[in-house]
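Can you keep this structure in mind? I'll have questions shortly.
The first chain written gets the first letter, and so on, giving A, B, C and D; residue counts start at 1 in each chain.
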Amino acid sequence: MEQSFLFLVLTLDATLRVSTPLIFCAMAGLFSERSGIIDISLEGKMLAAAFAAASVAAVTGSAWLALIAGVAVAVGLALLHGFACITHKGNHVVSGVAINILASGLTIVLGIAWFQRGGQTPSLPPTARFMPVEFPLAQAVDGVPVLGTIYRELLSGHNLLVYVAFLIVPLTWWVVYRTRFGLRLRAVGENPTAVDTAGLSVSWLRFRAVMLCGLLTGLAGTYLSIAQNASFVRDMTAGQGYIALAAMIFGKWRPFPAFGACLIFGLLDAVAIRLQGVHVAGIGEVPVEFIQALPYILTVILLAGFIGKAVAPKAIGMPYLKER
Amino acid sequence: MSFLKQSAVVGTVLMMSFAAQAADDKPAVVFDMGGKFDKSFNQGVYAGAERFKKETGVSYREFEVTNETQREQAIRKMAQRGQSPIVGVGFAQSSAIETVAKEYPDLKFTIIDGYVVLPNVQAVLFKEHEGSFLVGMLAAMASKTGKVGYIGGMDIPLIRAFGCGYEQGAKYSNPAVEVIQNMTGTTPAAWNDPGRGSELTKGQIDRGADVIYAAAGGTGVGVYQAAKDSGKLAIGVDSNQNHLHPGTMLSSMVKRVDVAAYNSFKQGLDGTWKAGVQSLGLKEGGVDWALDENNRSLVSADMEARVNQAKADIISGKIKVHDYRSDNKCVM
Amino acid sequence: MSQASTTLPRWIDIGLIPLINVLMALLVSGAIILMIGENPIEAVQIMLVGALGYEEGIGYTLYYTTNFIFTGLAVAVAFHAGLFNIGGEGQAYIGGLGAGLFLLMADSSLPSILLLPLGLITAGLFGAAWAAIPAYLQAYRGSHIVITTIMFNFIASALMVFLMVNVLIKPGQMSPESRVFLDPAHLPFAHEVFAWMGIKISRSPLNVSLIWAVLCCFGLWLFIWRTRWGYAIRSVGFNEKAAVYAGITPAKTVMLAMFVSGALAGFVGVNEVMGVHHRLLLNFTAGYGFTGIAVSLMGRNHPLGIVLASLLFGVLYQGGAELAFEVPTITRELVVVIQGLVILFSGALAYMSTPWVEWLYGRFSKRQAESRQEAA
Amino acid sequence: MVNPVTDRSTVLPQAEKASPAVLPAAIQLTRICKSFGPVRANHNVNITIAAGSIHGIIGENGAGKSTLMSILYGFYETDSGLIEVDGKPVTITSPQAAIAVGIGMVHQHFMLIDTFTVLENIILGAETSTLLNPGLAEARIKLQKLEDEYGLNVDLDAMIGELPVGEQQRVEILKALYRNARILILDEPTGVLTPQETTQLFRILRALNREGVTIVLITHKLKEIMAITDTVSVMRAGEMVAHRKTEATDAEELAELMVGRKVFGTIDRGTAACGEPLLKVTGLRVDSDGAVPLLDDISFQVRAGEIVGIAGVSGNGQSELLEVLSGIRGFDAGEIMLNGRQVSPDHLCDPKAVRGLKTAHVPEDRHRLGMVTRFSAQESSILGYQDSAVYNRGPFFDLSRIKAECRRLMDGFDVRPRHPEILSANMSGGNQQKLILAREIDKDPEILLVGQPTRGVDIGAIEFIHRQLVELRNRGTAVLMVSVELDEVMKLSDRILVMFGGRIVAEVAGPDADEKTLGLMMANAHGCTPAPADTHA
């Protein structure tokens, strides 16, 4: 009993860590897509940000400067996406694919040129990273059953960005549903012509949305390379941007459901890691490959079965052309 | 048009200069897809080649393949230029080496981690299971929980062989020990996923493991970091990685691919190069465990003695370590 | 978009502007080469000579071209139905698996004349089947095909590793590869074919798949523009409601388009497994499926354009390998960067230069008209 | 600023108003030019709109009215020319600039967001605070005042998507007023309204006008110009061809100015020679997601040689009815007989099968259904018949045959330009419609379903299309026509069915119909079924 409870808490604890980049990216995607800009380049922006953050942290030794660099690079790529999709009315998916490929190549080319470590950045000392924050009294409450364990293992002992990710969700909700900007954001994704005739700039609104998207993917990338890990490694995002996108769609473009989906994917991953090599009664050892593929299979099943036809913002993916 | 012509001229000039170079004894190396900075065997080969260059002043030509087809292309290109010996890194290059070596019987080829029998091919294999056996023993002895972990990179037989040797060693030292094994992934991305490595490590630690051995290329970085962050022990692989985190790196399973590459180049220069299959185990010094100032404090004299005893027993044949690759099974 | 085509002559719209886009991509690539301290002009020369300067190089270039034609066509046919198939990679993988499984089973019992066409068909069918699942989910369950095809790339990879490591691996072999097929199951190499004709050319992986690729181009052109099925696909792509009105079932058409798309991607497996490696192995797709997106975009989804774009990418790949060979500081990932830039400039920013070209063209034709007037 | 324009027919706008002589014109446009590539949408347009007047701008589709208004509202920039508002030259480069100088616009297609409430829609872009809630509260107070002032009643908390179009239009007007518009431009405002709703709209407009709002009404309906405006300007082919005081002109003169030649208003239908019922519908029902069915208990029949017109305000189920009959949409209950064959939800209920029963369909929305605008004309000319043996030879299209057939259709229906390879999008609306009609009529259908046969079509083509429909009926085809143009329904139909809320609420013999009673029926003044229509359609 005690043992399985601890297992549960620790699994949830891992869930928090694993789902953090997903949450950042899902919220990032939400801002972008609510404004009508499809963004499959969450992956690429996160990767570029991870590289930038790790590079700056390695050179300056400052986690905060690294954070700024990561965010700046991701916002830069977001602006490129905006330049293609908003200014030049390019195809959103194509632009996203281009950014993903570009990021995966450029991070390595520059990494090799700068650090001569085959695309990897130097390992960071704790001072150049966001390290786990120990809550007060975390050790003291250790003796308290259940609650103590939850406090010590689950709530305390994560790095700053994990907590930020969990705060970003209500903040996103508040911005989208409770502010003027949010109203306009939702409007521009549904009917940009209406927004234009109301005297608002469709482009500027959408640019602000993609910049927010860049900001959040920047946080996600920074988390990956200098908080969760201690260096950048080539292609370290490993498809998480796509999973986040799937989570956002699964959450029907709404903050809390998308957050829930991120947690489900995170939990899945955490459980999968713990189930690997475990013998399941009646089946025997589940092949590793199956466990690895499980999140992807599950995404497909969830998208196909549970939400059926997802209702996207009406004007999503369509360039805004003034009509006669 | 004129531009094309011009570049054709440049090309011809380049070709000719290559031909001129080819007269010299010029070694070459073709790295596998992980790239020469994979923190694993490619990097080991790179280190060996660099050492050769430093000591002899003879430079070498290198190439990193990006897809399956390029292996043969790269090796043949080296051969066309008369490079020799040509070192191919990784089992996946075996068939390419085999093909090209037949076409160029006068050149010398070395395949590391691969098995090719030809009069002009030197195949260097390693008994990773023997080295892993030793670090498995270390892990079991250092463990307080009676649980040790193994994290592999991409799920392929070679990596399973590491794990299998490790498990045998752990069980040899403490039959009651529990070995938790995880593979990072099923694609080459698994060699470069420290995030997942870190999570797997934390998962294993949560399940009670307190010594974790990683044979996972760049993913290992995440493993060692996570072990350090949790105050647990980790074991490095391929090169001596003890220096990464002094104090929490219990040891490293050293696989001397660097020596293999260095020897091949050096022997080529000296004229002592010989074809044939070499299987380098503990006996030949091809694999070993690492003990230096960085992990001295973690290894007690007793541990050291027992491991060295086992090492001697393996060399003498008293202990037989099963190789997963021999029958694709891990037999204890 | 339509404005561009109404004011500019066709040769500018489908010739000059794509060329400008590629040049811009190469220009930025050049800047990146400069940034890492190498000479871009020299790099271009090495690339061109490496890709087109000698027989073996040309062989490799055309071998890559073969793959890009298949994946480019695969992306294009889906595009015509309004679908974005990012799953070419997985479909190519599974197509190769199909061909491999068939040949492993049958290479000792059937003659070449049956083995090769049946292997080809199996590859196509496997690729098509792998594409059919996301297609079904899109058509009947409303799952977004971009997401599902990406997921299917990952799943294909996992499936392949599972089979190679646990099932198909040649016993006693350490690398996850199947046994080599028997000789009758090998597609003839180009140098072999030429040798039969008494012409000696250098060895290269180029094989008769290229002919099949060219045939596929022509076939796809006929299919898209000359048959009622192509008509249905384009109707659904342009205007799904009008298609419904016309008695075309979008769901079935989506299935058809993706089936063809998957089959074409699957033929990469023919080139790789039957033509080059003669065994099943991991990762033979090497990103060709993703490059197909760039190829299709550059080729404006037209078979002829795709052939040209495939050639360009063939040059980039082979020349890029050569470049990495010659210049150690330039790594293989530079080709990935160039590829990303080409997709960006030819795809997402395809119309960036249009206003400028229009302006220039306007001035030019005006001046021409003036001088003509003067002459008269 | 009195009459600075030396146009031959400029009227004195300040004629009858109380004391406007000192007031500058609300809007004065001088020599406005705007081209799209080679197309001159506006050429040397001059117009003066007096402050406090109701000014009509009339012209055929494509005459350049909407372009002109888009210029005024900052959607397009002019190539050349001068815009003055209240006597001051202004440059209007964005809707924001237009709003700033007091121009408000009610677009033909409403600029509303279905998933927002009325209140949210109105304040969008004119919010007073960064946070939403205080701004909403403030706006609510101001809007209630506006509603009272002008008698515009709208539930501020209703979801836009659930409101009838008449109310949506009122939201649009409120939106403009909320932004302090002093000049209100309405672009084809009555297209979607019942005659009663139109009357109500005009009442509102007069009330606004009394409060000093200048109103510009853009329409192609002569009757409305005559009913409400003070002054009227006529556009043709991108140019202003005349300015008149409304009381000094009449519908005939305006029509002539619009078309550029004499127009014939009537058509000789002859008498109906009705035969067998070819189309029979009994108890047809189509459920919707909500509680109210889209179509409910529809029963009627159409006999050979008869045109049955369906009148109704758009969105009352006519579109769905056409979709069901043509096989595009399934149905939940009832019985349909086409040409003696029973169609059931799982049998023959798809467009291909319906075509096989010799039933042709000219859809309501030709851009979205009738053709693929990115196809060539010849490709569009086989839409729906692409599988026919005529156009195929073996697995391939018989391209020369397709081209020849297309040319034949173009000849027969005077489709211009007579060029089968032209992009469908590059044909004018009238020619597109003629091509679709040609395609469908050419197959000698026993039954023709036709929706909005002349929507967006210029007057010349309207006559032609009407003649074709009557001719077809005289040849013995059963024609079912849906149109929101009451005039058209009355002119062509032998019998008229009136739809409201997804039901048929009345049937009138063609010759007995008059606009007033039909209008009342369309608004369901008799109260047969109180069900609101589904506004999604």
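A few comments on the model shown:
To be clear about the criterion, a residue touches a chain if its C-beta (ideal position, glycine included) is under 8 Å from a C-beta of that chain, and two chains touch if they have at least 3 such contacts.
Being a predicted model, the structure only gives us computed values, none of them experimental.
No other pair of chains shares as many C-beta contacts as A-C. Separation between the centroids of subunit B and subunit C, computed from CA atoms only, is 35 Å. Computed centre separation for the pair subunit C/subunit D is 46 angstrom, with centres defined by C-alpha atoms. Among the residues of subunit C, those in touch with two or more other chains are 158, 161-162, 165, 331, 335.
Residue positions of subunit D touching 2 or more other chains, listed in rising order: 36. The residues of subunit B that reach two or more other chains are 155, 186, listed in rising order. Listed by label, the pairs of touching chains are A-B, A-C, A-D, B-C, C-D.
Across the complex, subunit C is touched by residues 36-38, 326-328, 350-353, 355, 361, 363, 368-375, 379, 382-384, 386-387, 391-392, 395-397, 399, 425-426 of subunit D. Taken in their complex, subunit C has these residues touching subunit B: 44-46, 48-50, 53-54, 56, 60, 63, 157-158, 161-162, 165, 169, 171-172, 174-177, 180, 203, 205, 272, 276-277, 281-284, 286-287, 321, 324-326, 328, 331-332, 335.
Those residues of subunit C that touch subunit D in the complex are listed here as 2-3, 6-7, 222, 226-228, 231-232, 234-235, 238-239, 241-249.
The part of subunit A that touches subunit C in the complex is made up of residues 40, 80, 83-85, 88-91, 93-95, 97-106, 108-110, 112-113, 119, 239, 242, 245-246, 249, 287, 289-290, 292-293, 296-297, 299-300, 303-305, 308-310.
Interface residues of subunit B, counted against subunit C in their complex, comprise 4, 6-8, 10-11, 14-15, 33, 62-64, 66-70, 72-74, 76-77, 91-92, 94-95, 103, 113-115, 154-158, 161, 186-188, 325-326, 328.
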